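Listed after this line are the structures, all set down as C-alpha cells.
In the two complexes below, subunit A is the common chain; its partner is subunit B in one and subunit C in the other.
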Partner chain A sequence: MSLVEIEDLRVSFRQYGGAVDAVRGIGFTLEQGESLGIVGESGSGKSVSCSALMRLLPATAEVSAARLRLDGVDVTKADREDLVRLRGRSAAMIFQDPMTAFDPVFTIGHQICETIIAHRGTSKKQALDEARQLLERVEIKNAGDVLGYYPHQLSGGMLQRAMIAMALSCRPKLLIADEPTTALDVTIQAQILQLIKDIQAEFGMALIMITHDLGVIAETVDRVLVMYQGEVMEQGPVSQIFDAPQHDYTKQLLASLHAGFEASRGEERDVPALELRGLAKTYRIRRRSGLFHKYADFQAVQETNIVLPRNRIVGIVGESGSGKTTTGLMAMRLTEPTSGQILLEGTDISGLSAEALRPFRRRMQIVFQDSYSALDPMMTLVQIIAEPLHIHEIGTAREQSELALDWLDRVGLDRSFASRYPHELSGGQRQRVAIARSLILGPSVLVADEPTSALDVTVKAQIIRLLKRLQAEMGLSILFISHDLSTVKSLTDTVVVMYQGRVVEEAPTERIFAAPQHPYTKALLDAIPVTNPRDRRLRSFLSAEQIAAATPRYTTKDTGTGPHADPTLVGIAPNHRVEAVVTA
Partner chain B sequence: MSDTAGSIAPIVRQRSPLWFAWRRFLSNKAALAGGIILGILILMALFAPLITPVPPTAQMFLTESLAFPSAEHWFGVDGLGRDFYTRIVYGARVSLTIGFIAAAFSVLIGIPLGALAGYFGGRIDWFIMRVIELFSVVPPLLAAMLLGALTRGGYFTIVLIAALFGWVQVCLLVRAQVKSFREKEFVRAAQALGASPWYIIRRHLIPNSVSPIIVGFVLAIPLAMMLEASLSFLGVGVPPPTPTWGQMISEGINYMFYYWHLALFPTLALAITVLSTSLFGDGLRDALDPTLKGR
Partner chain C sequence: MLLYIFRRLLSVAVTFFIVSVIIFLMMHSVPGGPFDANEIPVSEAVRQQLMAQLGLDQPLYVQYFKYMWGVLHFDFGVPYQSPGETVLQLLSRAWVPSLILGGAGVALGAPLGILLGIAAALNRNTWIDYLASAFSTIGLTVPVFVISMVLILVFAVWLDWLPASGWPTPDRWILPIIAYAAIPVATYARYTRSAMLDTLSRPFVTVLRAKGLSERRIVFQHVLRNSAIPLVTVFLPMFIGTATGSIFVEAMFRIPGLGAYFVSSIELRDYPLEMALMLMITFMYCIAYLLSDIVYALINPRIRVGGSE
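Right, the complex of A and B next:
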C-alpha cells in the first residue's frame, strides 16, 4: 500500500459571488521513502493540495476526492484522534517563512519539547535531551544554547533548521516541505537543501518538495509533478522532465533556468551616471552595561567605491547583512551616509538639502523588493503611477493621468487596470506598477533593490526582460541589487560582490562567472542550484573564518602596486578588482 | 511568453474597497441596528417641531403636573407642567449636537497632532505625548466642573471641554497608525520622489489612517454626550429652560420614588443613544479594516 494516495482531488474556496476552484481533479501516489517535487507558480494549487492532505484548510474550502489516503487513513473521514496521529507522526510540514512558523514568545527548546511530549508522552527531561540531539542532527553547532533562545535571536537559516528538527521530532513517515528555501539567501538555500536530502535518506522518510523553482527540484527529488492553474500538466521522473519536457508550461519554466549573458546597448560616455566615492555608513549601537549605556560603532558599509557608467547595468550581489541595500539607499539619499560622496552625473549630491535635492530626485529613482508595501493601498493604479508628476507639478491632472495610462501600457499592463487597487493585483503586476511609477519622470539612474526576489521564476524572468527593454529604450543606468548571482547573469554588465559591508570583488559579469577570484564569490557561484539533475553534487560550505583564510594572494608583480599585509582591493585585470593580500 | 501579464489576468468584476466595507457592515447585525437607531434619533432631533404636540418650554399642563404616562402625554408631564415627551425629543437636539460638534473638534485637533507626533517622532513626539499625559491624568469631569463653574457653564463651554478631552483618543490612534505606516516602502518611494513631509502626511498617511479616525470620531460622540449629561446633572451645564437629558435626569431623581417616569425616560434616551453610537462605531471600524476582506 502506498503512503500517500490521492485521486481526483478537488478543492474550491467560497467567496462573494461564487467559488474559486483552486485544485481541479489532481491525483498522485507516493511510496515509502520516495521523494516527489511539486512545481508550479503561485496560485497553481500546489500548497492547497498538500494542506488538503493534512486537513489544514480553512472552513471556506470545500474538499472532495475519490480517494485521499495518508498512511492508510482516509483523511476525509478522519476524526480528531486520527488527525492528531496523522499530523506529526505520519506527516510533518515545514513552511516557507520560518520567522512566522515559530511562536515568538516561547523558546525554541520549549516548542520542540512541546511537540515531543504531546505526541509521545515522554518526560520533560527526556524531551529536552532529544530536542538537543535533533538540533545537533540538523547541524546547529551550539545546540544546548539554541534550546534556550527565542525565535528572534536566530537567523532565517538557523530557524529553518530548527523547524526541520521540530518536524523530525515525531519521526514522520512523510516530510512536506512547502517552499522551504524561498525566503532564504542562495548560500543558505543550498545548505538547507543538502540538509533535507541528507535527513531524508537517514530517516528513510518520503518527501514532498513544493516549490516554484526548478533548480530546487533538480537538486532534491526523484519524481516531479508540474502543476498549472490547479491541474497536473505533466508528471514523471526528474530526468525526463528536464531532458524531454512535454508540456509548454514545463518548457517555459526550463527556459527561465537557462539565461545567457547579454550586454547592454548604447554608448558609454565619459562622465559616469552615478559614482559612489568612499561611501560609508556607521551605526551607533547602544548597549546596556550595568546602570549605564555603552556605545559601540557598527560598520554597516565600509568605504566603498562603485561606478555606474551611463547606459550600463551594474549588479550588487551579497547575502543579507552584507550592506548592499544600505549602499543602494545611501546612493538615493534615503539613508544619510556617514562619510563619502555621491556623484550624480558629476555633481556631488551628498551634502545637498532636501530642497536643493528636489531637481536631482527627478533623475534618480528606486524600485523596492516588497511590491506590496511599496504601493499605497488606498490609491488606484493611475493615481500611484501619476504621483511623481503630481509631486513635481508637471502638467494638468488630465495630462498626468493620460501619461500614467501610457505607462500602464509600457510596462505591459492593460489600460483597464487604471482604476484598480494594489490588493487586486499579483506580485508581478504590482512590481510592474512600481517600475512605471519610478520611470515616469524619465530618470537617468534607477536603483533596483531586489525587485524580483519575492517573485516566481517565470514572473522574475518577465520583470528582468521588462527592465532590460526599458533600459535600452530610455538609456537608463541601473544599479541592480540582488542576493542571487544567477538572477543578475542575463541582466548586468558588471557585478560587484559585497561581503560583510565591503566590496570583495568587482568584474564584468562574464568574467565573474568564468574566473571568480575571491572565495566568497566562488561560494556564491557554487550555491546556485543546478539546472539539470545530472549535475547534482555534494557541496562543501565555507564558514566565515574559512573565507577569511582563503583570501587570494598576489605578488606586487601581478598587481603593479606596493605590498599590503591587510586585504585590500587590487586590480588584477582590466575592470577586475578583487580583495587580496599583496606580497612583495 | 510575452511581456503582457495584464492580458492573462482573470476578468473579475470590479469591487471598490468601499463595497466590501459596506458588505461587512451589513453582515454585522448589532452595528446595523445601532446605525438605524442613531439615524432615527437624528431625524427625530431634526424634525422635533413636527412630531411634538407643544413647544418644549410651554407650561401648558400645570393642572396635570407630575401626571403618569397616558395616551395624551406619552411620557407623562413634569413638575412644571410641561409635556415630557416633547422635552425628551428636544433634549436629543442638545445631546446630539454637542456629541457631533465635540467629536468633530476632537478629530480636527487630534489628526494634525497625531500625524506630527507619529511622522516626525523625536522631540515633537515627546512634547505631544507629555501634553496627552497631562490630559489623561486630570479626571475630565473634575476639570470640566472647574471650568464650567468659572465660565458659568453654557452650551459652548461644554462643547469646548468635551473637545479638549476628546482629542487625546483620536491623537493616540492616528499617531500609532502613522508610526506604523511611515516605515512602509511607499512612503520611502514618495521620499525618493522628493515629496515633502507635508505631502506624504496629507496624501498617504492620513488616508491610510481613515479607519482609526472614524473610530475616534464615533467614540468621541458618546463621551461628549455623557459629559454634557453629567455637567447638566450637576447643575453647571446648559442652563434651564433649554431641555437637556442630563438636566431632566437630575430633576427626575428628586421625584424618583413617587414619579418613576421623570427619571426613567431621560435615562433610557441617553442609554439608547450612547449604546447605539458605540455599536455603530464598532461595526464601522470592523467594516473599514481591509484585512477582513472576503468574509
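Right, the complex of A and C next:
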C-alpha cells in the first residue's frame, strides 16, 4: 500500500458568480521514504492539492476524487478523530512564511509541546525535554533558551528551523513542505534545504516539496511533478525532467534557470548618471532606561560609495538587513541620508529643498517590489501611468493620456487595458504598469528595488527582458536591488555586494561570479541552488564570526596602497574592489 | 513593569493638570454666570455680594489655584444648586445608583456580547451570524431611550412583570440594567466577531490545524487569546462611559443618578459641581487607559518581552 494515493482529484472553489477550478483531475502516488517535488507557478494548484490531502481547504472548496488516501485512510470520508490522527502524525506540514506560522502569543516551547501532548499524551516535562532535543536536532544552538522565546524574538531562518522541529515532533511518515524557503534569504535557504534533506533521510520520511523554484527541486527530490493550471503536465525522475523535458512548459521553466550574462551597450561617458559618495544612514534607537530614555545609534548603512555609469545596470545584492534597500531609497532621496552626497549627472542633490528637488525628480524614478500596494487601487491604468506627467505639468490632459497609451504598448500591454483597475491584473502585468509609470517622464536613472522577486519564474524572465530592452532603447542607467543572484547575473554589468550595512565587494558581473574574493560573496554564490540535480553537493556554511575571520589579505604590492590593519575597501584589479586587510 | 506603571502615573498627573486648566478656562469662558437675572432674580448689589462671597470676583488664575488647592485636599466646594451639602457628599449620594446600574449593565452586556461575537464568527454566514448581526445593529442604532421605552411598554405595561421606574427596591433595577446592557452587548458582539474572523484567517491557524489539534482547542486556546488583545483596549473605557450614568436611561426610569447633574451643573453655571464631575471623569479615563495598557502588555508578549517601543 502506498503512503499517498491520489487519483482524479478535482478541487473547485465556489465564488460569487460561479466556481473556479483549481485542480482538474490530477493523480500521483508516493511510497514510504520517497521524495516528490511539485513544481508550478502560483495558481497552478500545487498547494491546493496538498491541502486537499490534509483536508485543510476552506469550506468554499469542493473536493472530489476517485481516490484520495493518506496512510491507508480515505481522506474524503475521514471523521474528526481520523483527521486528528492524520494531521501531524501521518503527515506534517511546514509553510512558506515562518514569521506568521506561529501563534504570536505563545512561546515556541509551548507550541511544540502542545503538539506532542495532543498526539502522544506525554507529561509536560517529557514533552519539554523532547522539544529541546528536537530543536537541537534542527541545529538551534541555544535550544534551552529558544523554548522560552516568543516567535517575534527569532529570525525567519530560526523560526523555520523551529517549524521543522515541530513538524518532526510526532515522527510523521510524510513531510509536506509548502515553499519552505521562499521567504528566506539565499544563504538561509541553502541551509534549510540541506536540513530538510538530512532529516528526511534520518527519519526515513517521505517528502513532498512544493515550490515554484526549479533550483529547489534540483537540490532536494527524487521525482518531480510539473503542474500548470490545475493539471499535471509531466512527471518523472528528477534527472529525466532536467535532462529530457517533454513538455513545452517544463522547457520554458528550465530555460529561465539558464539565463546567461549579457553586457549593456552604449557608451559610459565621463560623468556618471548617479554617484553616491560616502552615503550613510544612522537611526537613533530609543530604549527605556529607568525613568528616562537612552539613545543608541544603529548604522543601517555605513559610508558607501557607488558609481552608476550611464547606460549601465549596477546590481546591489545582499541579504535582508544588509542596507541595500535603504541605499536605494537614499539615492532617490526618499529616505534622508545622515551624511554623504548624491550626485545626479554631476549635480549634488543631497542638500536640495523639496521644491528645488522637483526638476531632478523627473530624471530619477523608482520601481518597487510589491506592485499591488504601489498602484493606487482607485485609479485606472491610464490615469496611473499619466500621473507623473500631471504632477510635472507636462502637456495637455489629452496629450498625457495619448502618451500613457503609447506606454501601455511599450511595456507589452494591450491598449484596451487603459480603463482597467490594478486589481484586474496579474502580478506581472501590474509590474509592467509600474515600469511604464516610472519611465514615462524619460528619466536617466531608474532604481529598481526587487521588482521581480514577487513574480513567477517565467513572468520574472519576461520582466527582465522588458527592463533590458527599455534600458537599451532609452539609454537608461539602472540601480537594480535584489537578493536573487540568478536575476542579477543575467541583467547587470556590475555587482555591488552589501553585508551588514557596508559594501564588501564590487566587481564586473562576470568577474564576481567567476572569481569572488570576499568570504561573504563566496558564501552567497555557493548558496545558489544548483541548476541540475547532478550537481548536488554537501555545503558548509559560514557563521558571521567565520566570515569576519576570513577577511581577505593582500600586500601593498597587490593593491598599490599603504597598509591597512582594519578591513577597508581596496582595489585589486580594474573595477574590482574588495574589503580586505592590507599588509606591507 | 513597576517602573512602567510609575512612569505612566506621572503622565496621568500631567494629563490631569492640563485637562483641569482647559476645563476651568472653558467653563468660565461660557457667557453668563450663576446669578444672572434670568436664572435667579436678585438685585445687582446682592449679586455682587454673592460673587464676592464665592470668590468669583477674583482673577481666573487665583480662582483656579484656590480651587485646585482644595481639590488636593479632597475639598471640591459646595454646589450652588444644593448648598446644604458638599460636592463630595452630593457625588457619593448620586453616584451609587449610576454605578450599580451602569456597572451591572456592562458586567452583563460585555460577556454576553463576547459570546454572541464568538458564536457569530464560528458560524459565519449562517443564521446564527445573521441573528447576532441584527441584534448588534439594533443595539447600536436604536437610541437607548427608545429601547428603554419599549422595555417599559412591554415588561411593565403590557406584561406587568416588573415595576416601570424608581429606585428604592432592587426589582426596579432590572429594566434599566437591560437598557444599559444594550450598547455593550452590541459593541462587544461586533468587535469580537471581527477580531475572531481576523484571527481565524491568519496563517498560524492553518498550521495549528495541520498539526492535528482539535478545533475546540484551536478556538478556545489560540484564537480567543489573540482576539482578546484588541478587545481589552475598549473594555474599561466603555465601562466608564456607562458607569457615570446616562441622562436618558436615568430620566426614563426616574433614577436619582448622576446623569442629570451633568446637564444641570452646566445650565446653572454651578462651577464647583461642573468642575468636580469633569475632573472625576478625566481621572477615571486616565486610570482606565492605564489599566487597559497594563492588561494589554500582560497578554501581548510582543509588548511585554523586549518591549523597547
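Quick note on the criterion: the second predicted complex is superposed on the first by the 584 of 584 C-alpha atoms of A that agree within 3 Å, B and C clash if a C-alpha of one lies under 4 Å from a C-alpha of the other, contacts with A are read in each partner's own complex, and residues count from 1 in each chain.
As a working rule, a residue touches a chain if its C-beta (ideal position, glycine included) is under 8 Å from a C-beta of that chain, and two chains touch if they have at least 3 such contacts.
Nothing here was measured: the structure is a model prediction, and the numbers come from that model.
In the superposed model, A:R537 makes contact with neither subunit B nor subunit C.
Residue contacts after overlaying the shared chain place A:H152 against subunit C, while subunit B stays out of touching range.
Using the contact criterion defined above for the overlaid structures, shared-chain residue A:I391 touches subunit B, although it does not reach subunit C.
In the superposed model, A:S373 makes contact with subunit B only, not with subunit C. Set against each other, subunit B and subunit C touch different numbers of residues in subunit A, with B touching more.
Shared-chain residue A:H119: touches subunit C; no touch with subunit B.
Residues 1-7, 9, 12-17, 23, 184-186, 188-196, 199, 203-204, 207-208, 210, 290, 293-295 of subunit B are the ones that touch subunit A when the two sit in their complex.
Those residues of subunit A lying in contact with subunit B across their complex are 15-17, 60, 252, 255, 332, 334, 354, 357-358, 361-362, 364-366, 368-370, 373-379, 387-388, 391-392, 408, 412-414, 417, 419-421, 423-424, 426, 428-429, 432, 434, 437-438, 441, 458-459, 461-462, 465-466, 469. In the complex of the two chains, the subunit C residues touching subunit A come out as 3, 6-7, 202-204, 206-215, 217, 221-222, 225-226, 229, 299-302, 305-306, 308-309. Of all the residues in subunit A, the ones that touch subunit C in their complex are 54, 56, 80, 83-89, 92-93, 95, 97, 100-107, 114-115, 118-119, 150, 152-153, 163, 166-167, 170, 285-288, 290-291.
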